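Structures incoming, each one as structure tokens.
In what comes next, chain A is part of two complexes: it sits with chain B in the first one and with chain C in the second one.
So, the complex of A and B:
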């Protein structure tokens, strides 16, 4: 590492610490100032306060059942998709894994349109809203099971199964299950289940809009966020935030450790083969794929159709008409809500602002980790774990951290500093950029760089003429991923965006859907904004799919 | 012992047509021919991993043509040894039988290899473990799909002579397919050139 590289590395670590770690430390300090340092009391306060009662049990139980249902729905799809050949397979894979990149607030709108008032109207029913939530979590996370399992199934050398068929302990289906399929698939299913559990555990938008009564720790934190960290004012809020954060942090940390352990198990060297040799035709697979496609596309189509379906109030009945009034309302705005264009403008500004900071920062951090791996492996491990710390924080925790941290530094900035949401989005996206760029740097063939050195090229020209063009795929994926995550981010923005002029597309959807249901344009206008956000996200997703390295199919 | 009657198979082009093969107990046959002439496909059809277009396969007089691969009792050694990376050497052998691991490992020249991880084995050692496993399954016929081709010359000559001796000791009939005539001569009792039948 030369002096210029050292300078940029130290600068990147400093900026990363200033943006991500310091606000969190300030926030914890402020909350402890109000609550005192008593972790047991923080956790006990969750069940002692009416606002957060039962949230611990509810969070764990719904995450557990969501994970089970996701595996039950996702695994057969992954199996059929991986083991058999299909026409337009890349397209099929894209539409089946689309839900994961759709912002959660859109998923919430889709499921509300289907199951809410003037839909099937089962959401408010005590006996059915629970399953609506569990199914919506399964819908959101089905892509994880497919992304983790399908590449294993579609590229496993068929000789493994053929050899087993010819051995005494591979004769029956159950012996092949025991000796081949369970060992090879368990790490992938467990890793995907672990991530599904985490996402369901920290779910906010879906819980906020679909549950009738209960709350997760994440939605509880978001609800009490405005009164947390203030001395002499609703002090139990600080206890609740600290208790919920502590539990979430421990669960996320344990999940990260488990994920890392399972990822190592996944790397067991099973010989791979081309999909062409592995897959065969099986028309019966459509009995799995067709319902799966219907399940995945239904909420998406419901959002689009729901934006044109307006209740006809003139007849004082529940009849509907097809109209663009919802779109007009969304585009024009009202006294209470800004027009769609303003929210779109804010979202674009925030996402490009996030990109400008997160991409170079994440790239330099990944590059530093990679270079340290050659010279100082222990330091590289420490830095790698340090850059992954935000993974152990949920969106609401990050939002609260940023807000309370900024209040400690400069209270007025919480309402005046327009780019506050960018800080939260940077904190969320930098670890993802590092995780996308680092494997690309590790697999970069050093001989290209060494040959360029021998040819007399400077650091600068080697970077721009050799490294950047060869790594453009990964950089583009990181770029698009950063933009998409920032555009759809809801949990942290919900807490941080205190000023109505900072409203983003997900926040506008949330606000519009919160209008009284007697207004016939409540559902269509919120769905119109959701459609715009969804189309932008889908375009970004298609770009990522085009440039995604086939070896990275098991990644994000 | 094994009779293949009028076997035919085509993949775009005809690979073999009306092919007849007879194999007696303890006999070792080599099938030679250039790459792409259908040698591997023939073995896969005999052990049941692929279906024939037409023809019959008889084992000890019984028609096994429609019997699935897992019920035929025919073993196959692949070109690259197929060892399961989540299992040790002993774990891989257990897929064939839970007994006599130490004995069969001595027979193939790998004593005390029971607890080794399979990804620490060299190419030759891996192929010997795959052979040990195939022998433990006690197959009626053993098919060998160029198992020596990936090894260096010295290693392959040693392994060919060891495997031949083991098969002869057990009177286990075998069919080797290879494109290497020298290898076929060393290993087999007789040869068939698939490109000329």
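So, the complex of A and C:
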């Protein structure tokens, strides 16, 4: 590592620390100033406050059942997709994994429309809300099971199964399941389940809109966030935030450790074969694929249709008419809500702002980790874990950290600094950029760089003329992923930007949906904004798919 | 994408981003009035533009979720001076704002406001008549019931709060939480007076515990209670409606609003039980450190006859002006009641005790009978 590289590496670590760690430390300091340092009391406060009572149990139970249902729905899909050949397979895979990149607030709108009066009409029965949430989590996370299991299923040498068929332990389907598939697939399923659990555990938008009064730790934290960190006023809010954050941090940390452990086991080399050799045709597979495609696309289509369906108030009944009034309302805006174009502009500004900071920062951090791996392995591991730290913080924790941290530094900046959401989005996206760039750097053939060095090319030329073109696929994936994540981000933005004029698309959807429902355009206008956000996300996702390295199929 | 294009894209992004930042950044100027508010319907586009045209000031809004969020914002930003005027603090939050020295005095002539010169049934200046806050709308918070179901046959019309703890009302009452809703907070304050909190008995806590044990539906806000759960209102025409509660907390004039929207028809009615209604007044206040001169201009405009007389139709609340009433059209006034014996809790008591009362409410809700 030469001096220039060292300078950039140190600068990147410094900026990363300033953006991510300092606000969180300040926020915790401010909360502790109000609540005192007593972690046991923080956790006890969750059950001692009516607003957060039962949220611990609800969070764990719904995350557990969401994970089970996700595996039950996702695994058969991964199996038929992996073991059989299909026309337009890449397209099918894209469709089936699309939900994972759709912002959660859109999923919420889709499921509300499906279960609402013009769909299944089961919202009137409150007991259905819990299952709606579980199904929506399964919908959201089904892609994880497919992404983790399908590559293993599609490339495992079929000789294994054929040989097992001849042995006493492989005669029946169940014995082959026990002796072959379960040992091979368990690490992948467990890793995907672990991630599903984490995403369901920290679910916010879906819980806020679907189960309403039953809250996760994440949605509880968001609800009390406006009065947290204030001495002498609503002090229990600070206890609740600290208790919820602590539990979330520990659970996410444990999940990350488990994930990392399982990932290592997943990398155990099994004899592989070409997909063409492994996969055969199986028309019966459509009995699994067709309902799965229907399940995945239904909420998306519901949102689009819902943007054109307007309740007919003249008849004072549940009849509706097809109209573009919802779109007009969304485009025009009102005193209470900015027009769609303004929210889109804000969202684009935030996402490009996030990209401009997160991409170079993530690249330099990944590059530093990669270079340290050669000279100082232990330091590289420490830095790698350090850059993954925001993974152990939920979106609400990040939002609150930024908000309270900035208030500590400069109170007016917390409400007047327009780019506050960018800081939150940078925190959320940098770890993903590092995760996408690092494997690409590791697989980069260093001989190109060394030959160029021998030929006398400068650092700058070598970077722009050799490294960048060879890595453009990964950089583009990181770029698009950063843009998509920032555009759809809701949890942190809800905390840092809801009390501002700089409303984003997901916040506009939430605000429109939250206004009194007497207005027949409440639902269609929120669905219209959701449709725009969804289309942008889908286009970005299709770009990612085009540039994604086939070897990376098992990862996001 | 080849290399030159890719690098051009990066360079373009780097150049464009700072230019975007320039076009959306704003600094507070003397010619600007920054208003902190929640979604108060009365502040319509046309109303704001008219003010801007007549004064030459530019209005900028900071919108927060509700009255409680206005207070939180002001506390977090104490001394910063980034806000000139707060619109929407009500008399359950105002005492805390005064106690924490967040507001600035302005000299507004309040002669036209009810309660200044006469003994009105709804004295807008009753809860507070100082110079730190000026009332702009008001109404009584009370229990509403669905008269098509609570008709004396299917359900008995309650005459006491204890009736609601009986098995007949199990799971049929929706109440917004006082922690997260200002109507909820107003109703909780009314129950304190109902159970005579000054005598220090436990009826207040016991009643709330009994309500919780009787499966009362506690919601985070008014909308959820009224639109999602209440059978007597317009909620049944909206998505997400459940309709499992026949009694909820709303305003005593909410049945009038229903009637006004439905062409002189409503099945919702207000319950006039002694000491269960809370008189809520919403205020506009200049903020310490802000431009109080500009704030004063807007407050004067807000309580002008031209704007304030429209409160019942624009904001669905009573005007604070002397002699103003709800319109008679479509049964608006006929279906709205003024409670005969509302709860009385002074602003001083609220300011001193609100945190303790909320804590007591919380204790009552987490324990079981």
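As a convention for this text, the second predicted complex is superposed on the first by the 548 of 556 C-alpha atoms of A that agree within 3 Å, B and C clash if a C-alpha of one lies under 4 Å from a C-alpha of the other, contacts with A are read in each partner's own complex, and residues count from 1 in each chain.
Simple rule for what comes next: contacts are C-beta pairs under 8 Å (C-beta built on N, C-alpha and C of every residue); 3 or more make two chains touch, one makes a residue touch a chain.
Since this is a predicted model, take the numbers as computed values, not measurements.
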A:169 touches, of chain B and chain C: first, second, both or neither? first
First (chain B), second (chain C), both or neither touched by A:50: second
Superposed model, chain A: greater residue contact from chain B or chain C: C
Partner chain in contact with A:213 - chain B first, chain C second, else both or neither: second
Touched partner set for A:87, first chain B, second chain C, both or neither: neither
Chain B versus chain C as contact partner of A:456, first or second or both or neither: neither
Doubly contacted chain A residues - partners chain C and chain B: none
Of all residues in chain C, those that touch chain A in their complex: 1-3, 6-7, 13-14, 16-17, 20-21, 24-25, 39, 41, 43-45, 48, 60-65, 68-69, 71-73, 75-82, 96, 100, 177, 179-180, 218-220, 223-224, 227-228, 234-235, 237-244, 261-262, 355, 358-359, 361-362, 365-366
For the chain A and chain B complex, residues of the former touching the latter: 157, 159-160, 162-172, 179-180, 183-184, 268-271
Touching residues (chain side chain A, partner chain C) in the complex: 47-51, 53, 112, 116-117, 123-126, 212-213, 223, 226-227, 229-230, 232-236, 311, 313, 316-318, 334-336, 346, 349, 352-353, 355-356, 407, 411-412, 414-416, 418-419, 464-465, 468-469, 472, 475-476, 498-502, 514-518, 522-523
In the complex, chain B residues that touch chain A: 47-49, 68-72, 74-76, 78, 80, 82, 84-87, 94-97, 119, 133, 137, 139
